[in-house]
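Note that the chains are named A, B, C and D in the order they appear, and that numbering of residues resets to 1 at the start of each chain.
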Amino acid sequence: MSGNSWSRAEIAGRLAQDIPDGAYMNLGIGLPTLVSNYLPSDREIILHTENGMLGMGPEAQPGEIDPDLINAGKIAVTELPGASYFHHGDSFGMMRGGHLDLCVLGAFQVSQTGDLANWSTGAPDAIPAVGGAMDLAIGAKQVYVMMELATKGGVSKLVDTCTYPITGIGCVDRLYTDRAIFELGARGATVTELVGDTTLNELRELTGLALEYSLAQEYKGITS
Amino acid sequence: MISKTSASAASALADIPDGATIMIGGFGLAGQPVQLIDALLEQGAANLTVVSNNAGNGHSGLAALLGAKRVQKIICSFPRQTDSHIFDALYRAGEIELELVPQGNLAERIRAAGAGIGAFFTPTGFGTSLAEGKETRTINGRDYVLEHPIAADFALISAYRADRLGNLTYRKTSRNFGPIMASAAATTVVQVDRIVELGELDPEAVITPGIFVNRVVETGDRFEREEWADVG
Amino acid sequence: MSGNSWSRAEIAGRLAQDIPDGAYMNLGIGLPTLVSNYLPSDREIILHTENGMLGMGPEAQPGEIDPDLINAGKIAVTELPGASYFHHGDSFGMMRGGHLDLCVLGAFQVSQTGDLANWSTGAPDAIPAVGGAMDLAIGAKQVYVMMELATKGGVSKLVDTCTYPITGIGCVDRLYTDRAIFELGARGATVTELVGDTTLNELRELTGLALEYSLAQEYKGITS
Amino acid sequence: MISKTSASAASALADIPDGATIMIGGFGLAGQPVQLIDALLEQGAANLTVVSNNAGNGHSGLAALLGAKRVQKIICSFPRQTDSHIFDALYRAGEIELELVPQGNLAERIRAAGAGIGAFFTPTGFGTSLAEGKETRTINGRDYVLEHPIAADFALISAYRADRLGNLTYRKTSRNFGPIMASAAATTVVQVDRIVELGELDPEAVITPGIFVNRVVETGDRFEREEWADVG
């Protein structure tokens, strides 16, 4: 931590602490993949990849690369004992049916009520692609987003209303950023943790939102 | 370390409340979770809604649960069998509610609950009395009925092998409703012959991934039971 | 054959001759099960049972009875090489999706346009049960019904309009009876084969339908 | 005796007409039926509609088919990739029509075609631009979009083992779209490493029953290909 912000690795490390033992989890491609480096060693967390696997292990090293064994980002991965394979129909049924405890995603923007924008910048000349983004957004008991709170230009990515095309409505439960952790919901965003010497007023100024502080709610993803 | 193993059928079912909706696997006797049904009878929960293909055979298992007046409603496709005496008597006496569903619609409604589908158009039953009052639609010249998911609080199913993560394999036609019911219940309890070491099940041949399973009870080798004397 | 009618075994034997090599077929419980005794030995026909199996073999004999291996009538059966098992969701998807070439069913009544009534007599005190009847009715490229043409009381079971509760509308393609074979369709029933010395006029009188004779259409179930 | 074996990829695809809708399996390179795609390119059918998760990588396979201007429309979830140059250029030039579908809706629409479902309500995409103009409905407090099946004239998929009846097994995450595409096409053509004797495949572990498969082409052991040097 440098002063009042976390590095991406620190965000991932902090988020990893909130993943309960026994969780079935999907890590979106890109930034969220970092979380897998920080999973607490005393917890057993089972990774889902939407291209048809539960029990995914770490990225494959030279000598263990198998072209038939890849993750959703098309990176070669490994298989842990107790793994299973299934087809895309079953894999997305698993997600859509709410069986995953947790999904971690990146975002372009998140609204204070949990709308997510992470699939398109809306630029007219862009090649469109959505992949599993919209399925992941609605496909877990809890959806966590990790991102830097502001763009490089200093504009807040936590907003009142998304201006980018949305991926899902009201689907994000928690937001982990370099400056703070938020809970999102129908009543808006609440700050549950401030990074370093970050103040609520700084966050209010950056986001333009009437943020308040509150203790995080108990995790409600895992049921027996 | 995750372990979904329950010490006994009794402990695996201890928290089933009165009024629960319970799926019970099996097609006839194949795949019927006999030990779990016996434990449910012992446990005492009442006013249950049961989702199962049949409505009990003879006087044991699901039939005994019906006979003990624990079931207020049953959702099934084929209650009438040569030995469904207990259901028949309750039904004639108006003491049990029946929702009769064509078998494939029953399966697809269970599957829809597990897969997060809000409703679906099926051709089965169109124009019949079982579709009366239901929304219909013609799509590309074919007639369909709109059917909704069936979810449950608990699923009680039988499988062949499990590991501590709840990954399951089945055996022959006893697979039947197990995989879809496991996906459609908030809590899935499975009886299996044997719980094997992690890694012993071939990941390509796991039929129900452990994500759908909450509790596993080991009930011993089926081949040692009397009715299995014939199997080589 | 005795004079102008076939026995049930003869109906089954005749129907079996019309099953093409390579067909995937479901035989409904009851009377249609007889057909499996007459499958031509020079054709490979793959039997589906809706409780989750393709490649079903003959009924199990003492010494080979396996309680986990039963057919839709809950009778112990056997497994042939090349068999496969699947769950009820997949099995009925296979039927509903039109993948079976042929399904043979029994009936209480069949209308000349192919409506089927075989699941309920409509008696007010009967215990209702439908099982897979409605799925089978719509679940094959071709649906054949086998039954005696008349009840024991001499009333035709091939009718203008079903009076029993129907199982499916316009779903029966061919009707095999003890007196004749019929093709059914939107334009009504056509006699394609007369048993023994049965005459068209006898059939017209029995059924009350304006029946005509025509050669059977070519089988259209199997595609490469 | 049934035999679904084709002598070559060319003969297995000989009857694909211009204007056909073709599903092509695979997720990235895993499970992509490379030999079949090459044979399709050779075969010459044009004005195709392709259903596939991606829109081609680099300059071979599906990308080459696109580059040869054989594809007028593609239905997929993720065309944009770091090396989707050919698709990108065609799309920017307005020379290919794109129907962009969220991956899970793509999978479920293919599955629906195979399972005879007329249409279904899915929560995925509700409220987004990809659901614009589509029928919506709130069911039990959740918002859904109505989606329709995607069927095809041909499916081209890759599997691991087959027998002469067309029963298939897959390998790891290369299973992906294979089983559902096989169920959704009028004619399914499969490339497999090896065709084994009837009875060699475990009936409990057959993933695609032969009923969904029409033609099988043996393309040789994947482990002997260059890109597989790493697999022990």
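Rule of thumb we're sticking to: contacts are C-beta pairs under 8 Å (C-beta built on N, C-alpha and C of every residue); 3 or more make two chains touch, one makes a residue touch a chain.
Quick caveat: nothing in here was measured; it's all calculated off a predicted structure.
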item	value
Co-neighbours of subunit C and subunit A - touch as defined	B, D
Identity of the chain that, by mean CA position, is farthest from subunit C	A
Inter-chain centre distance, subunit A versus subunit B - centres from mean C-alpha coordinates, in Å	35
Separation of mean Cα positions, subunit D and subunit A [Å, integer]	29
Touching two or more other chains - residue numbers and ranges from subunit A	79, 85-86, 92-93, 95-96, 138-139
Per-residue multi-chain contacts in subunit B, two or more chains	108, 111, 115-117, 122-123, 170-172, 203-204, 207
Chain contact topology (line, ring, star, complete or other)	other
Every chain pair in contact, whichever chains are involved	A-B, A-D, B-C, B-D, C-D
Interface residues, subunit D side, partner subunit C - complex	1-2, 111, 113-117, 163-165, 167, 183, 186-187, 198-199, 201, 203-204, 206, 209-212, 214-215
Residues of subunit A that touch subunit B when the two form their complex	21-22, 24, 44, 46, 48, 54-55, 79, 81-86, 92-100, 138-139, 223-224
Of all residues in subunit B, those that touch subunit C in their complex	27-31, 53, 77-81, 84, 87-88, 91-92, 98, 100-108, 110-111, 122-130, 143, 170-180, 207, 222, 227-228, 230-232
Residue ranges of subunit B in contact with subunit D within the complex	108, 112, 115-123, 137, 139-140, 142, 144, 148, 169-172, 202-205, 207
Residues on subunit A engaged by subunit D in the complex (per definition of touch)	49-53, 62-71, 74, 79, 85-89, 91-93, 95-96, 120, 125-135, 138-139, 165-169
